[in-house]
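The structure that follows is given in the form of structure tokens.
In this document, chain identifiers A, B and C correspond to the written order of the chains, with residue numbering beginning at 1 in each.
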Amino acid sequence: MKKVLFATTALVASAGIASAQGVSISGWAEMGIVGGSVYGDEVQFWTDVDIEFRMSGETDNGLTFGAGVDLDENTAFSGTTQGGEFIFISGAFGTLTMGDTDGAFDWALTEVGMGASIDDAHTSHWGYSGNSSFDGFGGKDGQVARYDYSFGDFAFAVSAELDDTGTYDPTLAIGAKYSTSFGSVDLGFGLAYVTSEDVNGTAEGIGGSVDVTFAGGFMAVVNYTSIDGLFYNPGGVGAREVDSHMAIGLGYTTGAISVSANYGVFTGVAADSDAMGYGLQAGYDLGGGAEIQFGYGYSEDQLTDTTADQFSLGVAMSF
Amino acid sequence: MKKVLFATTALVASAGIASAQGVSISGWAEMGIVGGSVYGDEVQFWTDVDIEFRMSGETDNGLTFGAGVDLDENTAFSGTTQGGEFIFISGAFGTLTMGDTDGAFDWALTEVGMGASIDDAHTSHWGYSGNSSFDGFGGKDGQVARYDYSFGDFAFAVSAELDDTGTYDPTLAIGAKYSTSFGSVDLGFGLAYVTSEDVNGTAEGIGGSVDVTFAGGFMAVVNYTSIDGLFYNPGGVGAREVDSHMAIGLGYTTGAISVSANYGVFTGVAADSDAMGYGLQAGYDLGGGAEIQFGYGYSEDQLTDTTADQFSLGVAMSF
Amino acid sequence: MKKVLFATTALVASAGIASAQGVSISGWAEMGIVGGSVYGDEVQFWTDVDIEFRMSGETDNGLTFGAGVDLDENTAFSGTTQGGEFIFISGAFGTLTMGDTDGAFDWALTEVGMGASIDDAHTSHWGYSGNSSFDGFGGKDGQVARYDYSFGDFAFAVSAELDDTGTYDPTLAIGAKYSTSFGSVDLGFGLAYVTSEDVNGTAEGIGGSVDVTFAGGFMAVVNYTSIDGLFYNPGGVGAREVDSHMAIGLGYTTGAISVSANYGVFTGVAADSDAMGYGLQAGYDLGGGAEIQFGYGYSEDQLTDTTADQFSLGVAMSF
């Protein structure tokens, strides 16, 4: 995505964008068709667009700070809730980020979804967690504060999300990441713990991820999370208590072409209460920021004996 | 309107905006007063403003693509509906545009409204069609896909607007344009057909437009459309089936001054069921993007024996 | 706040921003915590952000014109109401501003609040008027038209805000300002009158302000307004008729540190019906547009025998 840095210094003298301070603007757009049961089994047109504002600055002491908001984030402008905005300040002490940012659990683990489809068909199935099952847990407002710090190949983070009504305990999380290489193979490991509370009492999750990238353009990711006290209701037709979540993703890129697949399952505590699904994605890079994208997602719920699917085909553009 | 192209290349090296890729920003504002029965016969202040984001790029193969959204288009960010956004891709094969764009009927015909008034008083009367009577027909969401192609002085287009619920047939349209000159006189012709469906069954329209521009600054436009199955309810007080629509517009520009007038009538199938109106407009160009604008519109409905009027006077600014 | 002027001329030739015409963009962000009874006595995260669009141009005759709207002003796009947008045109005759702009009363008087806190805690207490008690009086829509003119150290303004329904008289105001210096002491005086109407009949206010700035970084402001026909209902628990408002503010800046305090009281017509409060604020400037900000506000209402408080601590950033 082309990022354009607007700064007074860059405009009056076309040198030294490095020290620039200001607002940068980028954008994206998607056009195509979508279909499947998720869309009422009617093929429909798809048109979506957004503009992204990113701000950055530096204090006299060398701390960097910044913020971001998108044009579609119409609810970002209330101070005590989160509507998409994020703000950070960073220095030798690490980075503090607040707002619409990953909690430490989500931050530490690598998701199994790869590539993009215009309607996210491949990462919207009922078996996909994105490691974000605890976001907004117990009706919290999604306003996360996360501190993270990295040293060499290690990084760790802690995070909190408060219940503004004071009814339930906050969501607290801690996570760590480690990356390394063996020859031409890059390896990444993530480990994280999260705890929260809602009307059903305390809930927690402990999870890990491993991601492997081979020199030939092949990538694989595995996630596993052991879960307590989380109820899941995909498709809105039946809630069940979740015992664990497992997911695997595979991707391959060669030249302009990229393809990926992922599978995930929420294993229920009760028998025959699993929710699962898989996603497929393919992209062809046209250059200049445009890509043809195909996506498919299939979902299945043992508890309610229901299935769902969706597909999309179109052009995604970044500016 | 000043269009400002922001691009990395333009900032780091002040040469070669031609190949630039990125987001451009422009804006407009209006201030003044409005009045008439449309505003409850109270003279009111008028202040309006908008910011327009336009994006453009080019693929490795030389296809151009782009998109646009305005700051006031708060509902542009849902993929399966249209809230003002448009996206296109263009090449030797022609241009495919999706979203908030004219259907082929509207695209082919030239509207009779000329010039601008701050509240569009001159193009808001009950006899004004803008050749867009079939937009959103049968509750469709306004998400249009149009393909158009031009060769020399000819151009044609086809378009579709789907019913996302699958209840009614889509709106389909086909149109053609031709422009030519006789001495110092420029002539334009448009011809188009549109068909759609709603709760009253199939509807269709076939229409044409002729526009003439003389060297002395005089312009005239005539529209005629034969219509079946369309019910019209101006002012919300009484629907009637429409048999045809006819409109004429005249404009004249000399130096900083421009004036125009237009008249239109929806002829009803039943006797004494016509809805008609006329608009007047005048502008004085102050230079630099500012113009003083006056507008007036008068409406009359035979069926309900009601009238309405509105006027505006103010300054329009473009940036 | 860094203002970045985007203009075609500045991009193609990096000289001569002075004559540039176009759209400029700046932004701000805040992160921190807030608490107190105003927030349900729960400490909460605070994240807020905005993007500001400012437009400017010049006519052939040398009139300057411009407009502004912010990203959070989602309701700015209706012509007959005000949602945050403002538009102006300026020349030798003075300046005409419409939309979200101070009426002549608010324009003439200097507020007692100084400095900033992320949630405006220090200027949100029940004794704070901001000289804006007549804004939107009688359900008016906040769309102000103000004409102001300055000559040397004097300036005056007149303004109107209409009742779009025609039920009540408009809000009309007139104000004057004068600034002068005695040695190293800067003095400012403001005097203004406002009248309006609502369901309770005609209301009016006549007020004045004095502000003093000493060379050593000390500043003091006093406001007094005599009021008729205004009913005030802080905290939404009990309305009382107001006889007068008085406020005082003190501020001090040294190096990167700034502190301020203010106190204000709405004196009720009836005995024991005063509403009052005070605010405290401190800032530490980190440079580069970032400042650590603390704010506190305390409110007390004699009529309802209630109190309220709020505090905030965080980092404010401007870009």
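Rule of thumb we're sticking to: contacts are C-beta pairs under 8 Å (C-beta built on N, C-alpha and C of every residue); 3 or more make two chains touch, one makes a residue touch a chain.
Everything numeric here is computed off the predicted structure, so don't read it as measured data.
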Magnitude of the superposing rotation for chain A and chain C (Cα, nearest 5°): 120
Interface composition of copies chain B and chain C: same or different, split at half: different
Separation of chain B from chain C, taking each centre as the mean of its C-alpha atoms, in whole Å: 40
Touching two or more other chains - residues of chain B: 6, 11, 14, 25, 71, 74
Chain A - residues contacting chain B, complex: 2-6, 10-11, 14, 17, 25-27, 29-31, 34, 39-51, 71-72, 74, 118-119, 286-290, 315, 317-319
Contact set on chain B toward chain A in their complex: 6-8, 11-14, 21-23, 25, 53, 55-61, 63, 65-69, 71, 74, 76-80, 82, 85-89, 96, 98-99, 143, 145, 162-166
